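For reference, the structure I am asking about is given below.
Should a chain be cited, it is by its letter among A, B and C, assigned in written order, with residues numbered from 1 in that chain.
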Amino acid sequence: MSRRAQENLVALVVLGVFIVAIVMAFDYGQRARMVPLPIALIGVVLTLWQLVWQNIRPADELNIDLLEVLTRREGEAVARNVSSNFDEQSAHQKRQAAGRESVACGMVLLLLGLVWVIGLLPGVFLFMLGYFLLSDHYSLPRALSYSLGLVVALYLLFVQGLGIALYHGWLEEWIRNL
Amino acid sequence: MKKLGAGLALLAGLAAFGTVPAAAQNDFYKDKVINFVVHGSPAGGHTRHARMIAPYIQKHTGAREVRITNLQGGGGLKGANSLWREKTDGYTIALSSIPTLILAPLAGSAGAQFDATKFTYIARVTSEPRVLTVGGKSPLRTIDDVRKLGRAFVFPSQGTDEDFYTMAVLFDALGLPIKMVTGYEGNADTALAVIKGDGDGHITSWSQTVGAIASGDKRPFLIVGSERIPEAPDVPTVFEVTPREKHASLRAIINTVDLHRCLIGPPNMDAKAVAALRTLVMAAMNDPDLKAESLKSKMPLTPLDGAKVTEMVNEVAKASGSLSPILKAAVKTIQ
Amino acid sequence: MIDAIVAGLAALMTPQAMVFMFIGVIYGLVIGILPGLGGVVAMALLLPFTHGFEVAATLALLLGAHIATIWGSSVTGILFNVPGAAKSLTSCFDGYPMTKQGQATRALGASATGALLGGILGAIFLAVSIPLVRPIMLALGPSEYLMMALWGLTIIATFSEGSLMKGLIASVLGILIAFIGMDPVTATPRYTFDILYLMEGISFPVAMIGLFAVAEMMKLYVKGGSIVDRQMTEERSTVWQGVRDAFVHRWLIVRSSLLGVWIGVLPGVGATVGGLAAYAQAVQTSKTPERFGKGAVEGVIAPDATVGANEGGGLMPTLAFGIPGGEGMAILLVAFIGLGVVPGPDMLTKNLDLVFSMVWIIVIANIFVTIIGLGVAPYLARLPALHANLMVPAVLAVCFVGAYATRGQIEDVAMAVAFGILGYLMDKYHYSRANLVIGMVLAIMIERNLHLSLTLYGSDFLLERPVAAAMLAFIIVTTALPFVRRWWKRRKLAAAGGRA
């Protein structure tokens, strides 16, 4: 997907969120919708404006917008460089970056799943150990001692020190109810 | 800290063996683990109370552990929803705010998936008289001044809490108009509004307001309870200023507020467990050591037996027919 | 009064009080560094251990811990873009860019010194302005709070990250996110989709953990290496540079501290808004506002000074009216009552030495924090250079546990992940995360106070509240000022160019 297509997709999703917010606001009483409704309307106007604007500009100026042209704001150079570099990257690089992005997403979701099923501290421990080993950064003994060390530190801080009962996981609940 | 805790537990255990015959008589919970769920944040008042009484519940029941966890959310509704579906074996109990449980469904609030009358009531832990106060410079001296005001009484409030509902029922009983101003950020904010004169009066507990009353910034106006309080003997109760035929709905809301913090269990809890807990928890709360501790830390305990609590809850439920439309109408005015 | 000042200090000069304060400070630093936990939690957890000790020692423990969380929270904001608590949100805005430029030590030093000077100046202002507190508290109300929140909103323009339009869209999104949950003003559940978890709204610390910390770790994973590549950017700053920065910008600190005291005095404003307002003030009074958000040291100093000074101001509602000003004060109030002291206007006459004890605690605890902070800053500054393969899993682990610990709900961990992915996407497509958060913080305050103003004073409330009207005029002028200045500068440049 080109940068412009991605930008359009993002703007359309945001537009969708604002429209849903407007539709839902009509279910609320007059006072309850007094602030959200106009704010969401402003959001729609801004997003439409942004959508139109980003499609009539040349690709390398994708990150400068009308307001900036009007006010001639300085210091937008960094952002522009980033985006203009983007389309110059080779297809291979782009694929690689997209791949890493999916892995990053998958990684936090995996940690969430682990925590949900087997509880906070065991989930965190397994995740760290797995991460250290799969990234080939540490040998098994070091990976084990680092992850164990951090989990023990977390246990001491939160459970012993602060007296917070941490989540035990769905699995424990399930076994208890058997 | 941990060592100290363990030491205390050991002491408590020894005490349970030696000096407390009640524990020997009823060993339903002996060497068991009681899950004590607090429906509130770990930093809040509920938890402080729970932490204070838990060691004594352990001492009197002879339990191996009284494990405190917090379940907050939805202003207490989340905890109540969870307790509604909890196992009935008697090993899970909760400290909950009763006004929330009773008033939220009556006012038609979304999110309550339970019937408050069906919970098992073990004991009331604490309750503090609430007071309607007016500003020190306010022209309102007696209820007649409110009648002659010529406009609605302005009541600043955080939102639809039990004080909001109490005022709705009180002014319905008085037959006078009230203007609820919601959106304040806590007790300090409403107190300041009353002192400034932006609002006519607000409801707080006596301890929260005693400083401002002593300095003349506020004046106690009505006691939101059935009896006058010794700290302010000249201040009438809400029942003294309202017509008798309106007392049923007023009584219902005051009872609700009076119940404040109670120990409760899931519906249809094991009868043996209920009987054991009601006796042992009352014994724990009458423990002289706990009484001394409560006095020292200024966290008052006003225990009330579970049977009496259940009676009060049922009374409220009976009056709910007349209460519900008033509450719903009050909520309607702010939407 | 002099007697009270001396007596207040003397009460603290016991071994027990000093040891307690030191313990409180260390403890507060740790709590502050943990994401999601702030000063209120720190004090609440200490409360059970305060029975039976002397008054000064108890207050030293509680207040010391509360004070120390300020700098503790800023540390992680500066080093990892992970604010430890809501009130240190602003430390991310310029502190983190400084870290990336190899200026972490300087930023930490500036932050600690800013908080110290803010705390001390705040205490002095407080002592001087005790007679003014009551009239001012009585003069300001919802309409004025509304203007204060609007003022905080004006810094949105600073965080355009290349696109002002997208920045505005992000803040609108933030405002709408803040409306999720039970609206206390109208008892209406809004945008909750009948899910009980959403009824009490999105927890602000959880959203921050996601938007900044989780997103930053995802970014680091995608990028590889470390937050700061030491081969490319050498860490060459020292804490003394930061200390010097704070003194160079002394007037900024004076202004920020004054702001902090008064924001603390007003119940219903809060330190988070205070930090944002301080930042707005720093941007607006700067001759080079375009440097903000990209590593301007003033952006670190001003909010920390305000938050530092805020603590002293927060004591006032309790002392002047006997009503606790905020959550933190409510906990102190419990401790007071436990100690047999009835807070109220009496405190300003009979117990004035106790008041000054507290003022001294704020000063001394700040000095402890700064000494410790300046000492450990160079070591802390090395952390961002750790390799991603250690950093990513470790920071994610701490954040997940922290997100859970804020309210004890597993759904909060899922919410942190959702905000993490949102934050990553926003960063990638240049929708400012800072603006989203600013929208979230201020939305509720704006809505509440707008409703209150309308209900109390009617739709023409600005006519009834001249102070609010004046504040509005002030906001319009100060917001326009940087633009006018820039235009003026350009015109002069153009004129000079024309001559040459």
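Following the convention adopted for this analysis, a residue touches a chain if its C-beta (ideal position, glycine included) is under 8 Å from a C-beta of that chain, and two chains touch if they have at least 3 such contacts.
Here the structure is a predicted model, which is why all the values come from computation and not from measurement.
Asks: Please identify the chain lying most centrally, where each chain is represented by the average of its Cα atoms.
Replies: It is chain C that sits nearest the middle.
Asks: More contacting C-beta pairs: B-C or A-B?
Replies: Taking the two pairs in turn, the one with more contacts turns out to be B-C.
Asks: Using mean CA coordinates as chain centres, what's the chain A-chain C distance in Å?
Replies: 24
Asks: Centre to centre, by mean C-alpha position, how many angstrom separate chain A and chain B?
Replies: Distance between chain centres, rounded to whole Å: 41 Å.
Asks: How many angstrom between the C-alpha centroids of chain C and chain B?
Replies: Centre separation, chain B to chain C: 34 Å.
Asks: When you check chain A against every other chain, which residues touch at least two of them?
Replies: Residues 28-29, 31-32, 163-165 of chain A touch two or more partner chains.
Asks: Where in chain C do residues touch at least two different other chains?
Replies: 41, 45, 185-186, 188, 408, 447, 451 - these are the residues of chain C that touch more than one other chain.
Asks: If you look at chain B, which of its residues touch at least two other chains?
Replies: Residues 42, 69-70, 334-335 of chain B each touch two or more of the other chains.
Asks: Can you tell me which positions in chain A touch chain C when the two form their complex?
Replies: Touching chain C from chain A are residues 6-7, 10, 14, 17-18, 21, 24-25, 28-29, 31-32, 34-36, 39-40, 42-43, 46-47, 49-50, 53, 63-68, 71-76, 78-80, 83, 97, 100-101, 103-105, 107-109, 111-112, 115-116, 120-121, 123-124, 127-128, 131-132, 135, 137-138, 146-147, 150-151, 154, 157-158, 161-167.
Asks: Would you pull the chain C residues touching chain B in the complex into a rising list?
Replies: Per the touch definition, chain C meets chain B at residues 40-41, 44-45, 47-49, 51, 137-138, 141-142, 182, 184-189, 192, 194, 196-197, 199-200, 267-268, 317, 321-327, 329, 331, 334, 337-338, 342-346, 407-409, 447-449, 451-452, 455-456.
Asks: In the complex, go through chain B and note every residue touching chain C.
Replies: Residues 1, 41-44, 48, 51, 69-75, 77-78, 81, 107, 109-111, 154, 158-160, 179, 181-189, 191-193, 195-196, 198, 207-212, 214-215, 217, 296-298, 331, 334-335.
Asks: Going by the contact rule at the top, pick out the chain B residues touching chain A in the complex.
Replies: Residue positions touching the partner: 2, 42, 67-70, 334-335.
Asks: For a test of understanding, state which residues of chain A touch chain B in their complex under the given definition.
Replies: Answer in residue numbers: 28-32, 160, 163-165.
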